[in-house]
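You will see two complexes here that share chain A, one where it goes with chain B and one where it goes with chain C.
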Partner chain A sequence: MGDFWFEFVEITQTIGDGLLFGATYALIGIGFTLIFGAMGKLNMTYAAASLAGAYVGLAAFTLVNASALVVFLVSALASGLVGFIVYVACFRFIPIDNHLAALMASIGALFFIDEIIVHATDGSPLTFPAMFDDVMLELGSYGIRGDLLFVFAVCIAGTFGLLYVLYRSRLGLATRAVSQQDVAARLCGIDVHRTNAVTFVLAGLLGGIAGSMTAAAVGVLSPLITVPLTIKGLIVTVIGGLGSIPGAIAAGLLVGGLENVFLYFRGVNERDMYVLLLLFVFLIFRPHGIFGSAIDRD
Partner chain B sequence: MSYYLGLVQLIGIHTLLGLSAYVLMLTGQLSLGQAGFFAIGAYSAGILTVIFELPILPALLAAAAIASFFAFLVGFPALRVKGLMLVVATIAFSEFVRLFFFNLSWRVPRGDIEVGPDSTNGFREIRFFVANGWSAWEITAFVWIFVILVMAALWWTDRSRAGAVLRAVGEDELAAQSVGINLTAVKVTAMTAGGFIAGIGGALYAHTATYVDHLTFTVLLATFAIAYPILGGLSSVFGTLVAVIFIQGVLVEGLRFLGDWRNIVFGLLIIAAMNLKPSGLFDARTAQVLKRAVGLGGKD
Partner chain C sequence: MLELRGLSKHFGGVKALDGLDLTVDEGDIFGLIGPNGSGKSTTINLICGVYGETAGTVHFRGNLMNGKPPHTRLRAGIARTFQNIRLFPNLTVWQNLWVAQNSSQDVSAHGFLPRWFGATRRTRKEIARLLELADLGHKGDELASNLAFGEQRRLEFARAAAARPKLLLLDEPAAGMSRQEIDNLGRRIRRMRDSGVTILLVEHVMELVMGVTEQIAVLNFGYKIAFGTPGEVQRDKAVQEAYLGTSASKSRPVDGSA
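Up next, the complex of A and B:
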């Protein structure tokens, strides 16, 4: 009985930690989904741009010993700027109906950013300052890691900030109009290019938060995180349903929680394999994701 | 000399990789999973010649068959989704394969050493060509026999009814369906054929390189696979060949003096190419101009 109880606590604890960390996946997923919703295109650079933002934040921390808040702000702003550059370089001048070229260009930008990071850091991982990592909330047999709770709280705040902008501001109204019907939006006098650029910047700001939160929770920043984070973000986007923000949130938490279950039972080397299998389970049984509509958007 | 032969072999192998993506793109499907099928071909062929001590030809064909079987399996769930979702599904498949080989350890004693895939340390003992005394010329000829066979098969397919069906699906699925074409059958067939071709490429790669590990088969390789047909255009198989020669022969070799900075330039070149020529560097019009320039094309 004692052993069983101990294991039960262990597993639920690990799921809880995963759910908290899953908030970062949710943010990355929201970023992908936001851009897909606006333009119907995949921005493969997104996760790399988010981590690039985190690197700039880290630089601010190392160079001028900036405080935690400043580090996250700088990360978000830098990532927003990268988002804008990526929009101009990979989406702005490529014909709107050419999904392939935009996809390829953004993959090119992904490698470009990745290589710049590798060059700037000699490819070695850097320590990222953790917040509240010495705090531990005790709840009966459970403990909640302070740093994970902080990551979760910031990600939730970021999501609400985004939802506020999307649903309560003129900017958000324009963004949603373009994503629903870009011809109609144009007829109403909305500048589609400007709105898309704003969407990229918004997604970038969110990504910078996600990137620095990922780094803060893991404790290190490394160019090795880029591609796995890209793929997990894409998986979250698909599982949640392309273009669905609530879906991305639910899927992010789901992937975060299950990832830790896989980690607990199968170890770190096999963990990601099961996350990838999860995507195929969804593709077979629920190809449009948790909240996706049954209508093909593509 | 052997250096240039190595380059010629690499160009042949990458042509196979590019053609495996080309077949899929004819039906309008973009797959970032070709590196996965390539990896399955490489590891299967290596295991067959090293652990089961088969000769190269049966090992290569078996490896291609295994790769095409997995392509067939991936085809069904992946084809329930279209376009960009397929990109995500195939990239996930490719990563899954990479992680599988990252974890795969299958060591068997051979004499006084152990051989076989050794998870993170890679698979180091694929020495069939060396052990059987093949010269670099013979290996190169062997690689290019397959390249020519595959190109000839695809060229011929393109001129038959089957090619018209593939392109019809690629041009307009709805129209293709309305004239009685079974979309699923066509797409899964293209996927399977692509897997087979990538499998041959992988098998040849493993044996010419004598060493593979999971880091060989990353998203970068999958990007190369689709970059060739995108740059070369879909008007003929030769576009892919030209693109491979251009990228592997001219760009990669030509930019060698840049050292580490080469990869940065590579990313920038993709972005520039897509902005300037979104429908491929060697699209139908450029091909026409080139043909006229060398006196082949004549009239439109």
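Up next, the complex of A and C:
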């Protein structure tokens, strides 16, 4: 009985940790889905741009010993700027219906950003400042890691900030109008290029938060994280349903939680394999994702 | 007000519009008719900037519009409705109007600091008036996709009006409407014109066109084949052959008086 109870606590504890860390996946998924919703295109650079933002934040920390808050702010701003550059380089001048060209351009930019990071850091991992990593909240048999709780809280705050802008501001209204009916939006006086650029910057700001939070939770920044984070983000986007923000949130937490379950039972080597299996289960049984139907928009 | 000179649009080898000359005067209700595929919708799309022209010019209030994107033309005063309704389905009725009202003017026009969140009191009043005019006063918080067909049509009309246009392009606004709705639409169009908006009406429903317009141009195969008052056009032999047949000329004109 004691053994069983111990194992139960272990499993639920690991799921809880996963859920908290899953908030970063949710943020990455929201970024992918936001741009897909606005332009109907995948921006493959998104996770890389998010980490690039975190690198800039780290530079601020190393060079001028900036405080943690400043580090996260700088990360967000830098990632927003990268988002804008990516928009101009890979999306702005490619005809709207040429999806393949934009996809290839953004994959190219993904590797370009990755190369810049490798070049700047000699490819070696750098330590990222963690917050509250010495705090542990005790709840009966459970412990909640302070750093994960912080990551979770910041990600939730970022999400709500985005939702507020999207649903309560004129800017957000224009963004949603473009994603729902871009021809009519243009003919209602909306400058679609500008709105799309704003969407990229908004997503980038969010990505910078996600990138620095990922780094803060893991404790290091490494070029090796880029591609796995891209893949996780895409999985979350697909499971949540392309274009659905609530879907991305749910899927991010789901993937984060289940990932740790796989980790617990099958070890770190097999973990991502099972995450990918989860993706295929969704593609076969729920191809539109958890809340997906945004694909069927006009 | 609107001047088209030698306006042409070719899609590959297909000449959707071939050298159209057209002048719409300020304060007109101008009809543009013709069989399917005669170039009416193409003309509208060229005027509002959805397509780029193959040749020719579009002048609006003396300014050359060629090459200007749709949102610039809207801010210059050209608004339109769509043949197949294109509302923002997941915005509320109120927000649909807000988008149009918002985007039709420069942000700085609201004062030194742009209002990023929420609408000004003047905006709210204006939108309330538009909702009332469209008989949608009680539906402001409804999602546009939940409206009945006729209500969606009225909302599209109101959305175009929200941009405070000087020229309104109506692309088959009566399609799928009942007799009574068409009568109402005729009254709305007149009222719109009386408030100082010039109207270009593309329409298949002859009762409406003959009832409300003052000038009509008839297109066929991308050419203008006739021009004149409703009466003149109806008597035109080429038009009857191309399009009207005999039954349409017998139909009752819409009561357009307000």
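Note that the second predicted complex is superposed on the first by the 293 of 298 C-alpha atoms of A that agree within 3 Å, B and C clash if a C-alpha of one lies under 4 Å from a C-alpha of the other, contacts with A are read in each partner's own complex, and residues count from 1 in each chain.
Everything below uses one rule, namely that a residue touches a chain if its C-beta (ideal position, glycine included) is under 8 Å from a C-beta of that chain, and two chains touch if they have at least 3 such contacts.
Source: prediction; values computed, not measured.
In the superposition on chain A, A:127 contacts neither chain B nor chain C.
Touched residues of chain A, counted separately for chain B and chain C, are more numerous for B.
Of the two partner chains placed around the shared chain by superposition, chain B is the only one that A:89 touches, whereas chain C remains out of contact.
Residue contacts after overlaying the shared chain place A:67 against neither chain B nor chain C. Legend: residue contacts after superposition of the two complexes on their common chain; A:12 is shown touching neither chain B nor chain C. Looking at the shared chain after the overlay, A:191 reaches chain C, while chain B stays out of its contact range. Of the two partner chains placed by the overlay, only chain C lies in contact with A:177; chain B stays clear of it. Shared-chain residue A:141: touches no atom of chain B or chain C.
Residues 298 of chain A contact both chain B in one complex and chain C in the other. Listed in rising order, the residues of chain A touching chain B in the complex are 36, 40-42, 89-90, 93-95, 98-105, 107-116, 119, 227-228, 231, 234-235, 237-238, 242, 269-270, 272-273, 276-277, 279-280, 283-284, 287, 296, 298.
Taken in their complex, chain C has these residues touching chain A: 48, 50, 69-71, 74-75, 79-80, 82, 86-91, 95, 98-100, 102-105, 115-118, 159, 163.
Contact residues of chain B toward chain A in the complex are 30, 77-78, 80-85, 87-89, 91-93, 95-96, 99-100, 102-103, 218-220, 223, 226-227, 230, 260-261, 263-264, 266-271, 274-275, 278-279.
Of all residues in chain A, only 168-171, 173-174, 176-177, 180-181, 183-192, 297-298 touch chain C in the complex they form.
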